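A, B and C label the chains in the order they appear, each numbered from 1.
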Amino acid sequence: MQITSPGFKRNATRALGDEQLQKALGHVRSNFIDKRAAAAAALPEFEALRDNAKAIKDHVLENLDIYLETFEERVTAQGGNVHWAATASEARGHILDICRKAGARSVTKGKSMITEEIGLNSFLEKSDITPIETDLGEYIIQLRGEHPSHIIAPAVHLNMDQVRDDFKKAHTHLDANRAMDEPEILLKEARGVLRDRFLNADVGITGANFLVAETGSSIIVTNEGNGDLTQSLPKVHIVVASIEKIVPTLEDMSQIMRVLARSATGQEMSVYTTLSSGPRRPEDPDGPEQYHVVLLDNGRSEMIGTEFQDMLRCIRCGACMNHCPVYHAVGGHAYGWVYPGPMGSVLTPKFIGVDKAGHLPNASTFCGRCEEVCPMRIPLPKMMRHWREQEFEKHLSPPAQRRNLKLWAWVAKRPTLYRLATRIAARGMSVLGGRRHRLGWLPVASAWTKHRDMPTPEGGTFMAQWKGKR
Amino acid sequence: MSTPISVGLFVTCLVDMFRPSVGFAAVKLLEDAGCEVHVPVSQTCCGQPAWNSGDRADTREIAIEVIKAFEEFDYIVAPSGSCGGMLAKHYPELFQGDPVWHERAETFSGKVHELISFLTDVMKVERVSSKVDASATYHDSCAGLRELGINAQPRKLLASVEGLSLKEMKNSNVCCGFGGTFAVKYGDISNAIVTEKTANIEAADADMLLAGDMGCLLNMAGKLRREGKRTEVRHVAEVLAGMTDTPPIGGKRE
Amino acid sequence: MSREFILERIKSRQKVDGDDSDRRRAVEKRIAEHAPGILPAVPGTRVKRLKQFIDKAEAAQASVSRVSEQSMGKALVEWLRDHNLPAEVRMSPDKRLDGLRKQAEKKLTIKPAPGDGSDIVGVSHAECGIVETGTLALTSGPDNPTTLNFLPENHVVVLREKDVVDHYEDIWPRLRKRFGERKMPRTLNLVTGPSRSADIEQTLILGAHGPVRLHILLVRD
């Protein structure tokens, strides 16, 4: 997909002025937050489970090489195939090979952010294979030629009237005058259209929420059931998963499962949690004849042992963006690549380069709400700060900003000079503010006064007054 | 009687420059609680602007000066959750791997507290003796809330202010959009966030908006005045100390 | 190639020395022990745990009928009638459904699973039910084809009270016993309520791609 992260500021300003988007984001601002809070409060063990979930993933990351080998061995033992991909292009190559060998023309897809990361859909289309997104939200945005704006609610940036118009345009085989004014009707229509696609697909591609080393199982967690139809009806099931999805045992998976849905949608449990292990067995009446797992690295292994390792605990629940004031304001597309919100602000610089994605880790107030709700206790603000440090070290931050910062730091390290400077500034601004005690416009702070007044200082500094009093 | 508890007051750069009243309110509250208050003259800033801009080297140099100036006191107290969080949580992180300074920073950080929580949690202050006839709504500043766990403490002391009634706003724990340099670097986004905040403040229908951090207060006051809303803005310490004769932050509505 | 590249890079980043036999042993041990972690509290008595199972399933918009071994057929027929559904079901060949088949065959057309996607009602037998969240566990195989859990708009699942367990962690030992250590059926479905989507304006609608209704016939021991 086209990267627009360097234009984050422009994207953001456009998003702030987009009425449809702002209306749609209203749902994120309340729904997800209240539901998560209720689900967390209803489970007394929730905080302890978060600690344990973190410990499990930390253990995995310390032994990831061995767990991956173990996983591979179990998949193979059950008749499946594992394909290793160091890069996105390798992963696409593996998938295309499998599809070609199966003579595939149409591919159904369960919701998968990894396939967004590797740009699979456009690649398959160029190779004359039709990818069909089957998650309702993904289906809608595929019709619109868009990308997900949220990792678990891909069409959260849209309102019903937009979906209705898209369906009208796309489903030309249906009566043009049909009733379409309820979400139920639209859902039913999509169900009908997609049912045929499910039954006729040659290959089904899903992501994975977990990979269990103990049994070689891949797990998807969904609500619609589309992922299950995707992976049980076609002859070939391809799982595309990144290497950090590994958990040691079924028991470990159960622990993390308990914090996943609660953090994501506020459900105690998503409707469908499905474990797939290998292809159908000889006696099975249904299920795929082939089972492939494409294991994608795409730079993740480079994060191990660095200040970004904690990010590999991420289970893609979306809680960080659901609670992020910046995401609430601008939505997911403004971030300009696959992963939005705080998790995206940490991941995107890794994937597309901090030179392109530098805005993202800077566009945070460090309010810390993301870390507060992250089920895996990932210190997201700390990692965003690490990116800022890299930018500073590489001289990527704007020169004027650097100069101001350096000047300020130079003065801050010289108390006598600092005292003098602050006294002059405080006095000067105070005089300007006068009895209104504020300024509507201040040349050096125009970015501030564009939107709000600048309260002016009371007069003398505290330090000067203190010296006078004591 | 044993020697009084010595407290080094970390004034914070914004209080020093914009709102000395908060500094004096802090001194009063600390002295009322029985502390001996010291104000080292060599203090400037906690280094947060550099820290959050990725400038580790400058932050470290500033931090060393702060530690040197304050480590002699029993406690270091700041009328800010943000600066308090910087001193208490981030200083040790800054010296990770430094055999001398890491330990020194750890010891220093262990003595740092935000003003209000210091009064309630360390000095066991149960009530204050001020009187303010007004209603107030309280904004939980992010760093204080999430880094230092400040939530019940200010509400508890505010409840003891004679004549004051507390009216909770919706989403009091959601960021006001300040975020230090964020407010300037991403002004449009910051504006969207603070606009939501001031709407919640107005809906709470209180005479006063209180919070424990000057950064957030300047931001919210600036927006409230720009929008012509009536709520007056003060640091929570001013109300607890009964020092509300000064004009509110950003003045009053005209 | 990529396999070795990825594994080597992980190893080099982990900063571990060449000999990883200790780590290997630790991993083997952890997998062999598969120790359960934190288990959320469940009510103290069996009666209350069954009630929680039902409450949780209903909270997830499933419906539950408590039936006896003899009244399964009647309950199924009534449920179909109450929901204006045709007297025709697609039923899994699971032997544990034989009783139900016999009881209902006079009043219903019973077709053998799996179906072709055109069925209105599917009937399966669950491996277990989980008290914790009102979840059903269904295993694939000739007895209970997986596609039957998803294709029909209405899914009726027979569950025995004795198969109602407290936690997800209680499923795994049962599967290990049945399929062997480190082996699994092709598919295990954990199902909590009927299919749904909230992708349009965050409005929750039941019946996305899977069943619109999930009905559990909970059979008394």
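We take it that contacts are C-beta pairs under 8 Å (C-beta built on N, C-alpha and C of every residue); 3 or more make two chains touch, one makes a residue touch a chain.
Just so we're clear, the structure is a prediction, and the values are computed from it rather than from any experiment.
Peer 1: Both chain A and chain C are touched by which chains?
Peer 2: Under the touch definition, chain A and chain C have no mutual neighbours whatsoever.
Peer 1: Going by C-alpha centres, which chain is most central here?
Peer 2: That would be A.
Peer 1: Averaging only over C-alpha atoms, locate the centres of chain A and chain C and give their separation in whole Å.
Peer 2: 29
Peer 1: Using CA atom averages as chain centres, what separation in Å is found between chain B and chain C?
Peer 2: Distance between chain centres: 52 Å.
Peer 1: Could you tell me the distance, in whole angstrom, between the mean C-alpha positions of chain A and chain B?
Peer 2: 33
Peer 1: What residues of chain A sit close enough to touch chain C in their complex?
Peer 2: Per the touch definition, chain A meets chain C at residues 24, 27-28, 31, 43-45, 48-49, 52, 56, 59, 62-70, 74, 78, 84-86, 90, 134-137, 140, 153-156, 158-160, 163, 183-184, 186-188, 191, 194-195, 198-199, 213-217, 223-226, 228-229, 232-233, 243, 248-252, 254-255, 257-258, 265, 267-281, 283-287, 295, 297, 301-306.
Peer 1: Mind pulling up the chain A residues that touch chain B in the complex?
Peer 2: 9, 12-13, 16, 325-326, 328-330, 362-369, 371-372, 382, 385, 387-393, 397, 401, 405-406, 408-409, 411-413, 415, 418, 422, 425-426, 433, 435-438, 440, 445, 447-448, 450-463, 465-467, 470
Peer 1: Which stretch or stretches of chain B touch chain A in the complex?
Peer 2: 11, 13, 15-21, 23-24, 39, 41-45, 47, 49-56, 58, 61-62, 65, 93, 142-143, 146-147, 173-175, 177-180, 182-194, 196, 218-219, 221-223, 225-226, 233, 246-251, 254
Peer 1: Under the definition above, what is the set of chain C residues touching chain A in their complex?
Peer 2: Against chain A, the touching part of chain C is residues 2-3, 5-7, 9-11, 13-15, 20, 23-24, 26-27, 30-31, 34-41, 56, 60, 113-114, 117, 133, 135, 140-142, 145-147, 149-151, 167-169, 171-172, 182-203, 205, 207-211.
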